[in-house]
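The two complexes that follow have chain A in common; it is paired with chain B in the first and with chain C in the second.
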Partner chain A sequence: MDFKQEVLELLAEICKEDVVKEDTNIDLFENGLLDSFGIVEFLVKVEEKFNITVPITEVDRETWNTPNNIANQLEDFR
Partner chain B sequence: MTPYGSFTFFFIIALLLAPTIILGLNGRKIYNYNIFVTVIALALIFSSNLNGVVALVIFTLWQVLLIKGYLFYRQNNNKTWVFCLAVIGSILPLFISKLTPILGAENWIGFLGISYLTFKGTQLIIETRDGLLKKGLPIIKLLYFILFFPTISSGPIDRYRRFEKDLSLVLTKEQYKVMLFEGTNKIFLGFLYKYIIGYYINQNIIAKLHHIAESEFQDHLYYMYAYSMYLFFDFAGYTAFAIGVSYIMGIKSPENFNKPFISKNIKDFWNRWHMSLSFWFRDYVYMRFVFWITKNKLIENKIVVSNLGYILLFLLMGVWHGLEIQYVIYGIYHAFLMVAYNSFERFNKQYKWWPQNKVTHIISIIITFHVVCFGFYIFSGKLFH
Partner chain C sequence: MHLLKTIEDHVLTNPEAIAFVSNGDQISYKDLWEKSDNISASIIQMSLKDSSPILVYGHMETEMIVCFLASVKSGHPYIPIDISIPIDRVTKIIESSKAELILNVSKLPISINNNVQVYEVNEIEKLYLNNNVVSDSWVKDDENFYIIYTSGSTGNPKGVQISANNLQSFVDWMLKDYPINEKLVFINQAPFSFDLSVMDIYPALASGGTIFAITKDMIAKPKFLFESLRVSKAQVWTSTPSFIQMCLMDPSFTQELLPEIRVFLFCGEILSPSICYQLRERFPSARIFNTYGPTEATVAVTGIEVTDALLKSYQVLPIGLPKNDTKIVLLDGDKSVEDGEKGEIIIVGPSVSKGYLGQKEMTEKAFFEYEGEPAYRTGDAGFINNNTLFYKGRMDYQIKLHGYRIEIEDIEHQILKTSYVKATVVIPITQNEKVEYIMAAIVPTEHPFEKEFQLSAAIKKELGEILPAYMIPRKFIYCDELPMTPNGKVDRKLIKEKVLV
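Presenting the complex of A and B:
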C-alpha cells in the first residue's frame, strides 16, 4: 500500500466514515468529520505509525481541510 | 489616552497614518514608517500614566529576554522542565497582576493590555519548543509583533508566524487599495457598533433599567439581555477599529466575531465569539493537553479526555479574565456547558435523537442564545454585587 493510501485509511479510522477514502476532496471540518479532538488523535497515530511529528499549530485548517490536502501536507513532512 | 476612546485619538491616528496610506497607494514599503507610527502611538496611549510605561517596558524586556534565551537554549537542548519554566516565566507577570487586586495590594506590574500581550509571549515559547521559528526572531520584528499598537489594549490575538508573513509582503498598489478600503469600512462599522448601537443600549436601556423594570427579577432579566447585546456591540466595535487600523497598516489581524448570536450550539458559539482568544486556548491548551494524554496513554476513555480538556480550557479562560468570583463561575459555567454538549453530541451521533432540519436548527439557535446570555449575566458580575 502506498503512503497516500495508508494516510487515507488512517483518516477513515479516525473520522469513522469511509466517505473520506472515496471523496478525497471533501471538506472535513465543514462536514463535521474532523474536529480538534480528531486532529489530535490523527497526529498521535501519524507519529506512531509513520514516525512523522507534526506540531499542532502547523495544522492550519485552511490547508489541511481535505483528505487529499492532508496526505500532501504529510508527504512534505516526510 | 484610551485607544479608540475619543475623537482626538482617531484624529491623531488619521494624521499619523496619512503617510502610510500615501506610501501604500504608491506600492511602496510601509513597514519602516509604521514602526515609527507605533512608537508615537504607544507614547500617546501610555503617556498619561508613568507607572503604565514602566510596567510595559519591564514586561516587554522580560518577555524578550525569556524568548531569546529560550530560543538560544532550544538550539541544542530540549528538556521539558526548562520549557515549563519558560512558560511559567512568561505567564508570571500576568499572574501577579491578577493576584495583587485580590490581595488588596498595589498592582505595580499591570498595564493596559497585559492580558493580551501575555498570549504573544507564551505562544512564542511554545512555538520555539515545537521548532517552528526556523527563520529566527529578529529583535525589531519581535518587538513590533508584541507592541503592535492597533491591537495592544484588547486584541485580537495574532500569531507570530502569520504576522511575520504579512510583514514580509510588499503590497502592490492594487492590493493596498483593497486593504485600505476594507480597513476604512471596518472602522466605520466600529463607529456604528460601539458609538451608536452600543452607546444607545447603555444610555437608554441599561442606565434606565430602574425605570423600566417593575421588579427585582425583571431588572435582572432585562439587564441580562441588554448587557449581552451591549457587550457584543461594544467589543465587536472596538475589534472592528483594531482590525481596521491594522489593515491600513498592511497587517491582516485575525477576526474576533462571526455572528455569535446565530450559533447553533455552544461549541459553535466558541467558534464565533472572541475567536482569536478561544482559538488560542484551543491550539495551545486543549489540543496539547489531549495530545499529551493520548500519546502517553494516560486515560483510555476518549470522552473523559476531551471533557477534561474542556474543563481545563474554560477554567483557565475564566481566570484569565480575572480572579474575581464572577469570572471563575463564568469559566465553570462554560466548562459545564461544553462537557454537557460534548457528551450529548456523541450520544446523538449514535442514536440520532435530535434530527437535523430547519426547525431543529432554529430551536437550537434560540436555546443557545439564552444559554449564552445567561453566561454574560454571570460574567457581568451583577449577580454578585
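Presenting the complex of A and C:
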C-alpha cells in the first residue's frame, strides 16, 4: 500500500466512514466527519503509525479540510 | 456572604489588579465590582420573583463574570449558558428554571418565544447608574448561588442548584489544600456552562488572582492558542485531561512556553499516567493534582497529588481523599462494602447540592440524608485501597466524553426527533474504562439519500440544531431492526460486538 492509501485508511478509521477513501475531495468538517477532537486523535495515530510528528499548531482547518489535502500535508511532513 | 466579602476585600486593597483577561480584553477588580453593582441595582428595580434565576448568555467575555456577580449581589442565582448550547436546549432550560430574565453578553440575537425579558448587557448597565448595592441583598447561606444544567436521561437537561454554602465549602478547600492562594494567574479552559470552570473562577477571585480565558477561537486555531498561552504568564492550569492531551500534541508545549506554571489541576475525566509522565518531563518544577467530583457536590470533593512515587506505584491513578468536611461512603445497596470491594460512591458533606431545580422525583432518587448530613448518590463505582479512592466506571447509562457528562438516553431521545429515524440505540465505545467515541445504531425510515454517509450527514446536521457538538455520535450504523434480548430489551451488547469485529 502506498503512503497516501495508508493515510486514507487511517482517516477512515478515525471518521468511522469509508466514504473518505472513495471521495477524497469531500470536506470533512462540513460533512460532520471530523471535529477538533477527531483531528487530535488522528494526529496521535499518525505519530504512532508513521512516526511523523505534526505539531497541532501547524494544523489549520482551511488547509486540512479534505482527505487529499491531509494526505498532501502529511507528505510534506515526511 | 463570606465569598463575596472576600472578593470585595481584594477590590478595596488592590482595585487596579486584573481579575479577568479574555481575548485581549481585560477587567480590573474595581471595574468588576462597580459594573456588577450597577447591573445588580437595575435587576433589583425589576422586582423579579424572589430567588428566580437569571440566565447569563455568552462565551468567555469579561462581562460574563460581571453578570454572575451582578446576579448574586441582587439576590438571584445565575444560570451560565455558553453560546455553544443550541437555542432549542436553552428554551428548555428557561421553561424548567422559570427564569424571568436573560442577560445577553454575546453580540448574538436571542429569539425565544417566551415570556422572558432579554437585556443586552450594556443596556442594563445604563439603566440605574452609580447605585451601591448593600450586602443585605446578596445571595447567602443556603440560597442558590448558581444553577448548572447537565444532561438528563429523559432528554430534558436538569438544573443542579449550588448554594452559597456549597460553593464556600468548595472554595475554602481549594485555597487551603492546594498551593494556589497567592494572587496567581489561572487558566480557564472550560465553557462557563460546565462547572469545571468554577474550579478556577472562584479560587482565583477569592485569592485576588487573575483568570485567563482560553476561548473557542483559540481552540479552533491552535496556533493562536499557543501565541496566547505564551503571553498569559499563567501559573495555575485547570483543564480536562483531553484538553491538555491536545496541547501535549505539540512539542513546543513545554516550560519554555509557560515558564511560570506551578500547578496543574485536572478534573472531569480519567487522568492517564501517560499525560502525567509527559508533564513531569516537560514541566519538571510544576506539581500535578488529580481531582474528582460531580456537579451535584460542587465541582470536586476528592484530590491527590500525582508525584513520581505515585506514578511508580499505580497503573491506574487514584482520585484521592475527600476534603476534610466531607465523607466518602461506598455502598452496595444499603450496606457499606469492605475495603478493596467495589461499591457506589456516596458523597456526604456540606458541598452536596439541595437537588435538581423543580424536579422533586429526580432529587429524591439521588439525594438523601446519611447520618444526618446531606448525601448524594453519584452513580459512579469506586473502591478504596491503601486509604485512597479509585474510580471504577459508571453504574448506569451516563458517560463522560472529553470531560463532558452525557446521558446516553438523552442522545437517543434527540436522535428520534430527527427526520429519518425510526428507532435508535446509542452506545459508547470504550477502551480501558475510557469512552473513545459515541456510536448510534439506527433503523432509518425512507430517505432520499443514495449513500449512507449522506444520511449520516443529514442526521448530524439536524442534531447540530438541538444538541451540543460533544453529544453528537461520531459513528452511525444502519440496520433493519434492533436486536432484542430474551426479556425484550434492546441488546446493546450484541450491537456493540457487531461494531467491534
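In this text, the second predicted complex is superposed on the first by the 78 of 78 C-alpha atoms of A that agree within 3 Å, B and C clash if a C-alpha of one lies under 4 Å from a C-alpha of the other, contacts with A are read in each partner's own complex, and residues count from 1 in each chain.
Simple rule for what comes next: a residue touches a chain if its C-beta (ideal position, glycine included) is under 8 Å from a C-beta of that chain, and two chains touch if they have at least 3 such contacts.
Keep in mind that what you see is a predicted model, and the values were worked out from it rather than measured.
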Fit-or-clash call for chain B and chain C when the two complexes are aligned on chain A: clash
Now for A:31: first (chain B), second (chain C), both, or neither, which partner does it touch? second
Pick one for A:57: touches chain B only (first), chain C only (second), both, or neither. both
Per the contact definition in the header, classify A:19: touching chain B only (first), chain C only (second), both, or neither. second
In the three-chain superposition, say which chain, chain B or chain C, touches more residues of chain A. C
Could you look at A:40 and tell me whether it touches chain B, chain C, both or neither (first, second, both, neither)? both
Considering only the contact definition stated at the top, list the common interface residues of chain A for chain B and chain C. 36-37, 40, 43-44, 55-58
Touching residues on chain B, where the partner in the complex is chain A: 126-127, 130-132, 159, 282-284, 286-288, 290-291, 294-295, 302, 305-306, 309
In their complex, what parts of chain A are in touch with chain C? 15-17, 19, 31-33, 35-38, 40, 43-44, 53, 55-61
Which positions of chain A touch chain B when the two form their complex? 36-37, 39-41, 43-44, 47, 55-58
Okay, in this complex, where on chain C does chain A touch? 219-223, 225-226, 242, 245-247, 249-252, 402, 437, 439, 451, 453, 456-457, 460-461, 464, 469, 472, 474-476
